[in-house]
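Some structures are shown below for you to check.
Shared between the two complexes below is subunit A, which has subunit B as its partner in the first and subunit C in the second.
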Partner chain A sequence: MAERTYLEAIRQGLAEEMARDERVYAIGEDIGAYGGAFKVTEGLLDRFGAERVIDTPISETAIIGAAIGSAYVGMRPVAELQFIDFVACCFNILTNFAAKSRYRWGAGVPMVVRGPCGGGVSGGPFHSANPEAHFLHTPGLKIVEPSTAYDAKGLIKAAVRDDDPVLFLEHKFLYRRVKDEVPDADYVVPIGQAVVRRPGDDVTVVTFGAMTYTALEAAEQLAQRDVEVEVIDLRTLSPLDHETVLKSLAKTNKIVVLHEAQRTGGIGAEIAAAITERGFEHLDAPPVRLASLDTPVPYNPALEAAFRPGVEQIVAAVGQLVEY
Partner chain B sequence: MSTDVVMPQMGESIAEGTIVRWLRKVGDEIDRDEPLFEISTDKVDAEIPSPAAGILIAIKVQEGETVPINSVVAVIGESDDVASAAPPAEAAPATPAPPAPSSLAAADPSAAGAVERVRSSPLVRRLAREHGVDLSQVTGSGSGGRVTKQDILAHIDRRPAKVSPAPPGTDAPRPRVAPVASVDAAPGVSAEGTAPTFEAGQSSVAVPMTVMRQRIAEHMVASRRTSAHVHSIFEVDFSRVQQLRKAHGARYDRSGAKLTLMPFIAKAVIDALRAMPIVNTSVDGDRVVYKRDINLGVAVALESGLIVPVVKNADEKNLLGLSRAIADLAGRARARQLVPADVQDGTFTITNPGGLGAVFGLPIINQPQVAILGVGSLEKRPVVVNDAIAIRSIAYLTLGFDHRLIDGVVADQFMGHVKRGLEQFEESIV
Partner chain C sequence: MPTSTATRPSEDLTRDDRLELYYFARLTRDIEERLAVLYRQNKVVGGLYRSLGQEGESVASAYALAEDDAVAALIRNLGSLIVQGIRPRAVFSQYMAKGTSPTRGRDLNLHFSHIPDDGGPIVVGPISMLGDLVPVMAGVGLGARMQGRSLVGMTYIGDGGTSTGAFHEGMNFAAVQKLPLVVIAEDNKYAYSTPVSQQMALARIDQRADAYGIPHEMVDGNDMLAVYDAARRAVVRARQGDGPSLVGVDTMRMRGHAEHDDMRYMSKPLLDAWKARDPIARYRDHLIETEIATETDLADIDAMSLAYAEAEAELAEAEPAPDPDTAAGGVFAGEHFQPTVDIVHSPFRKKRGAPRHAPAAEARS
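Moving on, here comes the complex of A and B:
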């Protein structure tokens, strides 16, 4: 089995789906000859031609609008946003149109909107967003964010095959830093299933994306102090896999929800609320949220490091829960 | 000044109680300590006396309802409280005056408890409820003295009669046992209730179980699910015991005791338990818990249901002491005067299905114990003695044992011990 980067795994999944189903096509800024800002779509133009790998002008609204329209007439578009921050430009057509389309007219929109999210690379306030909370609140949209190359391929394929719109968040910090074994075989990772990355009995840390690795590093440090942390990687953010989280809570009775987006109104709030409602009598301490500060993402590397939750904060928060 | 009547806590692990019957009506005059209502809890049924003299002003919990301990179930007041309960006719001032402190205290039922709230968590409170733990008895090691998960789990672990497989809140299980007979239980104890009235065209009537019946049902099923039940039946010649009863019965009568079969059987069982400590144990996960004391449970049939009061430290009593203890417990069980301690911490149980004529029974183990002795009916039977046919007083004794822990050989050695003890009962002990 070959080791592939997170980025190569997405490319492979995308290419496999385009080869499998000729209705699948890619659309976005500079995705053809240039191969995409991060080179996710490199080589697809040569293999599938300009009719199925379409370069567009710089208008996110136009890209998503065209994708929705083509989905209405039977295509299965995979639209790339060069940075996921700019999905905000498409907020109306995504939330008011694509998300409600099946409900309102019985017309599904089998579209994938994919793009790089997240920070840690000094991207600054316009190129570091984690926009999941805006869309978590919108029924009709699915949201996934893989943390491993294996999941990246399996989830992009599941997203392409889904008959409704899927927001596919690719953490740019992981693109070339994460490399794991990716089968050449045709497989999907089902949407809606979290996974336990590390088992433990003392405290559960629920997270996803690049923070999965931060949590695992903290867990490694805590293990040296005999604190066993269970790390859950959500993989899908909407619909949330509450069962896996509640099952872990029933074992550890203490939980930290960790994410990179800002704290207020974040996905951590939703998870903490759901745990409190459904798992109240399993709680031996209040659920704890660890998230970024409620400010725009700083450009300065030192400030960005202070802005995002890190290993140190996780170790401290878990330590406090153990002592609680 | 009125007095709140609360659901009493009948034992440290009891969390709630059911009002079975009100013995007085609202408006009745009542003396202090006069029976006011009957309750049923996981452990005992009891008559609760009035905490004060006065008039029963209000009944707040109806018959059949179950409420947590310390809930106010009724209010007793002085005779003029009834009249003063009506609001005064005078015009109220524009701004209502704050109520007098005394009436405030009376109006707030939680003030009666006035216990400091124990710091804990939702998980800890659930565990406390499920295991019948009074959180104020648990020392907290968390921040600000909080009772943590570890604190309560350690507390539950330390409790003596832990019954892990039993359903929540039922830590004093009772076994399935027939009448306790030879103590002095007359045969003819009625079966549970009489058939209900059927309306025309009605082919069946559903009647709710009593609390005791529900508990028995839970415990019996839990025991069958927990233990690998095996039964071994021994024939025992009671001729010598009968002889000794005849010879010494009058002496016991004079000291106000009755020399029945049961103390003899108890004595033989105690000796066998001492010789074979593995039968005086319980199972906790993959550990065997040996018990220092021999606390002998003796099943007593009640009008509807049954209960197993326990003779504590039975191995420290002589035959007279055993006779008295068994008679006392059986008497108080029937009069519903047992206290929770009377039914806790048993280490072995004797039951007497022979009281109503059963030749032998196959009793279910009283969890978390590992064995139970069933005594069949005592009959004169022809038996072969020294190659001649003789008439002997014979009863079949059954040992129900948990094969997880006790193998057939061990069980039969135990029964051999009991049999020898009874057939060759030492006169000096009597």
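Moving on, here comes the complex of A and C:
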């Protein structure tokens, strides 16, 4: 087994799937000779040729539309959006064409739409988005966001093999900062399963993506005060694995939902509602949401730090829950 | 890049082909007339969108495809679906939101698809958002090309629809990739109530294609053979690997946007002028003048078409409504929703035996 970065793991997963199944191909902007804005697809052009690594005009609707059409006739496209913020440019064709297709007429769209999401790198208002809530509210789309390199490879492979459209969110802060053991073997991480990253009895923190590491850091600090936090990494955001969350809640009776996207109408609201409906008798305190401010993502590092929830807020929120 | 109009592929059409073209146009109109009755009887659940006056261009353009090519019709292209063998009953039951319709009552009118794994005509249904079918059909061509299939895709766009970003992105992508796509751009003078002059500053809709560097031409959309010729030239180019083309059709929407529309914004003299150019009547006269068919031959086809449309409507009317429990599920794979669409062959196809545009015919065109 080798240590690989999150980014290398995605690339390896993609290359393995393209080698395994000739129906799989990549399409997007600057993904060929340049290897993609973040170099996720580097080397794929040399290995698989321009027929299967297709550089497109700056046309997000055409990218997703072409992916849909080719999927109808039996291909398995993996479309890259240069930054996930640009999903806004193809929101219509993704939510209206791809997502509704199976329900309307039974035609599945086995397509992966992948792209870098998230902040912490001073990307500013248009290169930092965490758009999951828009798509959580779209029946017919699955949403995945890995936090480890191991999961990144296993989930991209599962996404490629899935018979429905999967939005694959890659947290750009993690691309080169996260490195863990990634088997060279063929494996998938099933879509729809959360994982407990750190067990604990006192308070549950539910999160995903880069915030998983923020939560783990807070848990480490809290452990020094004898507060044991259980950290759950959702990994799949739609469909949500409510069972893993409820099981943890039954043990800790106190819960924080943490995410990087803006607070209002965010995925945390859905999780908090589900916990309240289905786990009310386990709650010893109201569920707490920690999320970003209801503003666009600011550019200046100090402003962005103030915008996003950090270790301090988690420690404070957990502390208050313990006292509740 | 206006194309050469030197070749007339319609000269290769047999007598049966020519009669079949007439039959398809006639059947399209008969189905819609029947739908108009059902609409007035409140049996159509949603709106009714007629193609009155445009049946000829839908039929003649789709007739240029081989039978297992892919077509993506808009809601006014019933004729294209009829040519590709979609059973009329499916259309009636869609409009009446039946539980046994191709979408099981989940979507309306021509919003359904038929994508067989094992050959046969491919139909990709539209979504309401205009323009999206262009990139999607570019993708059908892209996928087919990667698989080494010699499939051609055809889709339609209204004068209004050509103003969308999706149309532009799809056309440009198809052009850059040289995809096997034929786009029929219909200038029917209005987009809902908006005249073409407020849609584009171009003299002719086909000039949209100049932006993509692809072949285009403008034809009289109410002259069925002219439409067939232009579409056929484009299909042959696409299949030879010469990339996409756009065919502009000059036609007229003879009804309102939908049956509820009072048409107050439409000019009466304009409608009268176009009424005299009705595509089916013109083609009928042509068949008689050129002695391809007699009045009796055509009256027989008229009767056959009408009887078929009425019988299919009756069958659809008797279909059950969907079980309300079926509203749930079917969003993801494995949730058991496998709709089917019946594909039928016209009496002329049965007589002919071979499919239209067998590869040998293609080589000749």
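List of remarks:
By our rule, the second predicted complex is superposed on the first by the 324 of 324 C-alpha atoms of A that agree within 3 Å, B and C clash if a C-alpha of one lies under 4 Å from a C-alpha of the other, contacts with A are read in each partner's own complex, and residues count from 1 in each chain.
The rule is simple: a residue touches a chain if its C-beta (ideal position, glycine included) is under 8 Å from a C-beta of that chain, and two chains touch if they have at least 3 such contacts.
Bear in mind the structure is a predicted one, so any value in this text is a computation, not a measurement.
Residue contacts after overlaying the shared chain place A:283 against subunit B, while subunit C stays out of touching range. Look at A:196: by the touch rule set out above, it reaches neither subunit B nor subunit C.
Looking at the shared chain after the overlay, A:188 reaches neither subunit B nor subunit C.
Measured by the number of subunit A residues touched, the leading partner among subunit B and subunit C is C. Of the two partner chains, subunit C is the only one that A:104 touches; subunit B does not reach it. By the touch criterion defined above, A:324 lies against subunit B but remains apart from subunit C after alignment on the C-alpha atoms of chain A. In the superposition on chain A, contact is made by A:253 with subunit B only, not with subunit C. Those residues of subunit A that touch subunit B in the shared complex are 253, 280-285, 323-324. Only residues 70, 102-103, 106-107, 111-113, 115, 117, 122, 124-125, 127-129, 132, 134-144, 146-147, 149, 151, 153, 165-166, 169-170, 172-173, 176-177, 330-334, 337-339 of subunit C touch subunit A when the two sit together in their complex. On the side of subunit B, the complex with subunit A involves touching residues 121-126, 142-143, 146, 148-149.
Residues 25, 51-52, 54, 56-57, 59-62, 64-75, 77, 92-93, 96-97, 100, 102-108, 139-140, 142, 162-164 of subunit A touch subunit C in their complex.
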